[in-house]
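The structure under discussion appears below in the form of structure tokens.
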Amino acid sequence: MHDDFPTPQIWMAHRVSYGETDAMGVVYYAEYFHLFERARGEYIRRCGMSYAQVEKKGIFLPVREAQCRYRSPARYDDTVLVRAAISQWGRASLRYVYEIWNEDKTTLLVTGMTQHAVTDRESRPVPVPDWLRALVVAP
Amino acid sequence: MHDDFPTPQIWMAHRVSYGETDAMGVVYYAEYFHLFERARGEYIRRCGMSYAQVEKKGIFLPVREAQCRYRSPARYDDTVLVRAAISQWGRASLRYVYEIWNEDKTTLLVTGMTQHAVTDRESRPVPVPDWLRALVVAP
Amino acid sequence: MHDDFPTPQIWMAHRVSYGETDAMGVVYYAEYFHLFERARGEYIRRCGMSYAQVEKKGIFLPVREAQCRYRSPARYDDTVLVRAAISQWGRASLRYVYEIWNEDKTTLLVTGMTQHAVTDRESRPVPVPDWLRALVVAP
Amino acid sequence: MHDDFPTPQIWMAHRVSYGETDAMGVVYYAEYFHLFERARGEYIRRCGMSYAQVEKKGIFLPVREAQCRYRSPARYDDTVLVRAAISQWGRASLRYVYEIWNEDKTTLLVTGMTQHAVTDRESRPVPVPDWLRALVVAP
């Protein structure tokens, strides 16, 4: 795809379970934020370090804002493809963006973003560590 | 409170369960969207008709966009207070806004909004029915 | 009701949200365990101490086994009534039992139980403290 | 492993997300039932037909009973391995059993089972169809 989604980026496949659907027969709107979380975990892991390891180094990335636009519903048993990337770095923050596509990438189902603070163990904002930035910029 | 939160508005109390928390010891970010849904259900119910009844009349309000800002975390066993109101009406859409406060209303924990389409059973957009508008404007 | 459900017991009302339902149009089977958790939290609270306070005193009640029988489904917007009690005390364990009824208590929807260890902060089994037993036996 | 877990059987890997954990730092007890559902979906799929297709043929497998024993906790970012099989066939019912192991299969974390009715679209019990039985017995 010729597009302007930030790089590096990752794609992650996900099969929709019954537990993610609601009585409308589609994926419940809050569930996409679980998918976003899985995707950003996968992103950092493919950069070479799991988010669990990031936390062990004393760095935490709590969500400060989350947003999602719903274009087309996903249903039980669908395989959806989640695309994720870091789109922006602040002094003590960063932003992930997401897209969710149907299996053959012909329909964009959902777009979204999460804004994160960078903090220490006591939830105090800290500048983005160089090692974190380096990890992502050149994965 | 002297504030500009839209009226009519409702307040709904909610006790945080273990199942809503995560390994950070706080309410998981996606859970607030469940609270928003509970609050807008309560809102329409206090206007005189449950959302289940709205659906039975052939009107559906699927979420088109959702957004949440996280200011301060809620924890297990906290009682939080969710405030909700409809802030805007479109021709075939409406918008809810939300705030979540701690029990004594001294700390604003979360703000958010959800944008809804107004559709028929086949997911086709329809103009906001007069009875729905009337229900809410003068509850 | 003339029945043999253990005493003391509590009843807790719960309104079914969209987020608890699945594509079958009924409450998803795992959601009842969230309700069980809410009910046992309410139980201990009505005995005079929240589970959060129990934990602060260094006592934890992790679930060792959970079981649920599904007799009749609950649906969106239903008010269900959850009944809970402690049915059994071991040396370092206790068991909760649950029933979930429809709003007018004419239909039993679900029965279940959870078996809990009594542990200290390091997850080591400890005898049931006298204060915990006293709390519940004569609430 | 020399063991008596029924065959045919499947193994499914699952990465634990933040959204599945609770304030104790471990996977919340109700989440394992979501994993069981994913595993039985995967089981039937590997037999050659997705559960979505089973439903399209007019056969439904609602859960009548669910049970889980918790031996050792799973934590954020752990990869767990879910093993599933059908252990028993009734005239109009079937039973799945499950085990969840840590990544290197040295620690059994969880065991469980789900009992299912076999019904038509109107939730009436029907005998297990031959095609369903054949699908599973010789995958």
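Letters are used for the chains, namely A, B, C and D, taken in the order the chains are written, and counting of residues starts over at 1 for each.
Everything that follows uses one rule, which is that a residue touches a chain if its C-beta (ideal position, glycine included) is under 8 Å from a C-beta of that chain, and two chains touch if they have at least 3 such contacts.
Remember, it's a predicted structure, so these values are computed and weren't measured experimentally.
Novice: Go through C-D and B-C and name the pair with more C-beta contacts between its chains.
Specialist: If we tally the C-beta pairs in contact for C-D and B-C, the bigger total goes to C-D.
Novice: What chain lies farthest away from chain C once each centre is taken as the mean of the Cα atoms?
Specialist: Of all the other chains, the one whose centre lies farthest from chain C is A.
Novice: Please work out the Cα centroid separation of chain B and chain D, and write it as a whole number of Å.
Specialist: Chain B and chain D have C-alpha centres separated by 35 Å.
Novice: As a quick test, compute the distance in whole Å between the mean CA positions of chain C and chain D.
Specialist: 24
Novice: Quick one: report the Å distance separating chain B from chain C, using the average Cα coordinate of each chain.
Specialist: Distance between chain centres, rounded to whole Å: 28 Å.
Novice: Where does chain A touch two or more other chains at once, residue-wise?
Specialist: 18-19, 24, 30, 33-34, 37, 76 - these are the residues of chain A that touch more than one other chain.
Novice: Looking at the complex, which residues from chain C come into contact with chain B?
Specialist: Those in contact with chain B are residues 15, 17-19, 33-34, 37-38, 41, 50-52, 76-77.
Novice: Going by the contact rule set out above, which residues of chain C touch chain D in the complex?
Specialist: Where chain C meets chain D, its residues are 24, 29-31, 33-34, 37, 60, 62-70, 114.
Novice: Under the touch definition given earlier, write down the residues of chain D that touch chain B in their complex.
Specialist: Residues 18-19, 21-26, 28, 30, 75-76 of chain D touch chain B in their complex.
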